[in-house]
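Chain IDs A, B and C follow the sequence of writing; residue 1 opens each chain.
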């Protein structure tokens, strides 16, 4: 049994627009590592870690190779951007390094780029689940099934994530409400973090008189948007349905976010749920994270935290069976099909295609409400969206939709019954 | 059926966009007009104005005078303008170095400065986008039929108008203004007639900086500032001066106005096209009327 | 006595080939010590071609383009589309394809753009490069958008490289690229030393006089533009295969800035400049990636080079080498 330390490689956005996700991600991983080390490490071995920046795909791959080849890490936790997971995934397979992608949730990764992964796993819910849960949450919370007609406007950032959210929100609305009940009155795709003056968009959206505005704007974009939109009275004229606005820290930025709109959290974790009095794992995580870092954890933090614990659990389980420190393939075998309880609730690692090695946990959507205890807008009236009802099941044989690019889109189009709420 | 309220709001947005773009374009055209230098760094001065207000100006005013509207409207943009004037002063020797040298020298040096400024922003203010929307929020909204419009934008439009007036007075009614205009027409002759050319150049650069900084300071409360903004603005500013005509005072207005109108129309009718349409128009103008629509290089 | 025009260091073919040979020899050793640095050398060798093309336009013709990322993007997406839609992963065909596509696009754009003054040219290229970049986003279902186009390992001479370990694969990539670069260096050297090349220099030095003596400056610029675009496109196709992923990033203005800076660093007035620049740039970049204020360094360097050492590192090397040669001759 080796006693030397285990080396973890962490790769996160440390600077630039992605840092608001990258920093918490790194902090979640480090918290887990510190907790584990305090309790004696994994089977007596402490964990050391090296942090490298995540940036453009080219540089990110370069840094990843450095971690694996020069730093000789044992496992890897990292990545937020959906441009980077498709770049790093094949390299992880090539270099045969166990890698946990915290986000970079694009369906593209396990559906096209690495359809039969051995070494890479992904913690965050798959991207298509994002738009689908927000749409279903909106339908439930706003009682859209009762309405004769629903007028929808869209505004999404012009890149893969925004297009994905748009496509899946739209098809969910069309299927569940019925195509003839849904009318798209306006659609726009401003560049990601390129626009600071959203006023022309706001004006056009208001002029098109929608009932709901579906949006996957996040980070600086959603903050600019909603502050300007307040000046134009947008929130009094329609319901804002965001799949992600409450999921990106700092939550402090959404202090004056209007109440009563649909708050999505990237189909992942919001620190108040599962409720602390019912689920001590979450309570402990939030308290420890706050004590260590001074802010509340968000989904990248929770994801990275879970990734490290997933590794630990798999190693310990394998040890129980084999009686010695496991090889990477033994760890992988333990991970496949495993369910562990993280702060967001139970999370399951899929063992079979499609989307092998993708992790699944129930997502939540809720209504926005300012909470004076925290001083920012939080998610209330949570609706849990069972992940199994909104993702392509194991063994499903279909092809990705040519335009939307995902299996989920084809799956919804072919198997969901029109006019029926699947959750 | 288009309602009156809709039309009013769109026109309102167009004037707001025009005001902001104008404040960037006029400084760029001023420097080109007088010094024949295409100052790629110029948008960074606008961004510096934004950062100054968000990172410094508003904070100072609030701590000294509390959160009250009038000081917040007036003081931070002036602080921004001052800081940018100081920055312009610091880089002024480079401008002197560049004038008279080849095109590629100007382009490379001002491009290099642009990169430096971007990292200076990161150094001083970090990587997060910055906001200071107190003035915007406090100014509230005005009811126009069924629509609401933010009052703060009116303030920006009015300020731009006042600045245009003051600029006109400066250029046409003061001695230094006349010298600036003379230099833009024929700098050698102006020097030969005994004018202190170096002083004219200095005033030009500082004036351009002042306008850019003020523009940034006025704009910021309605939005936010983030890294990478300078280059986005550079490309937009380029389109504005191409359409209006490089070096033209009137062109600064014409270009800004047309770009704002195009943006509004595009977002209304073909939202997917967005900026692409504006670039295409710029390329068309470059191809068929390269001197722009503002009537040539006149001050 | 055979009178021969002795070219100064850097402008003669020999010094260029010697540099390449040195790199080719030390590469496997460096890779063995640190694969990370071996890959950096791989980047270095890949970008020489683009920088040579860029410098034909800038150093020799006087046209500064802030939008050369456009052609890198064309080359990269050509390779990507060939793989994604035609199933072709032969690197030879990728390169031929990117030559064709870059030439066509360069012709279309060039016909318009070479008529303008240098300043307009520079910024026009920036604007049109941004248009193309935004198109790669807009047509996401064709280009893969920000997900990008994922590519399999390229095949060489029809032979698949899928089953090799990564190190061998990278070695093959490196030496193939070295071989290609050698040919393209020779070609470019012939171009700049031909009458056409001299014509370009004449245009660079004094447009008015060139026009006066009957040179069709627009046509010459157009040819230079197309050749420089082809070179950039080839690098684009190589990059696509080196990274095995094509995303819109390659067409973004920061890539154009990288091209400008690296060439400037190496030296724009001496033929060997782009070679030196490509390697030194990638080495610095590798270090500086850890240092957050990378743009500050680049910007300061650009200004410093323009003001203090406009000949770049190649000029410094030449001064050094020539002084040795000179003193050698005196001594002997």
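Couple of notes before you dig in:
Just so we're on the same page, contacts are C-beta pairs under 8 Å (C-beta built on N, C-alpha and C of every residue); 3 or more make two chains touch, one makes a residue touch a chain.
Treat the numbers as computed from the prediction; the structure is a model and nothing was measured.
Using mean Cα coordinates as chain centres, the one most removed from subunit C is A. Interface comparison, A-C versus A-B: the pair with the greater number of contacting C-beta pairs is A-B. With centres defined as mean CA coordinates, subunit C is found 35 Å away from subunit B.
Distance between subunit A and subunit B, defined via averaged C-alpha coordinates, is recorded as 39 Å.
Counting partners per residue, subunit B has 122, 272, 274-275 as the residues that reach two or more other chains. Shared contact sites, meaning residues of subunit A that touch two or more other chains, fall at 15, 191.
Counting only residues that touch two or more partner chains, subunit C has 134, 138, 292.
Partner subunit B is touched in their complex by these residues of subunit A: 15-17, 19-20, 186-191, 193-194, 196-197, 199-201, 203-204, 206-207, 219-220, 223-224, 227-228, 230-233, 256. Residues 15, 53, 55-59, 61-63, 65-66, 69-70, 82-83, 86-87, 90, 94-95, 106, 108, 112-113, 158-161, 163, 191, 402-405 of subunit A are the ones that touch subunit C when the two sit in their complex. In the complex of the two chains, the subunit B residues touching subunit A come out as 3, 6, 9-10, 13, 16-17, 20, 122, 127-129, 131, 133, 136-137, 141, 147-150, 152-153, 222-229, 232, 263-264, 267-268, 271-272, 274-275. For subunit C in complex with subunit B, the residues that touch the partner chain are 58, 62, 64, 66, 112, 116-120, 122-124, 126-128, 130-131, 134-135, 138, 253, 257, 260, 264, 292-296, 298-303, 306-307. By the touch criterion stated above, subunit C contacts subunit A in their complex at residues 34-36, 39, 134, 137-138, 140-141, 144-148, 150, 166, 243-245, 247, 249, 286, 289-290, 292.
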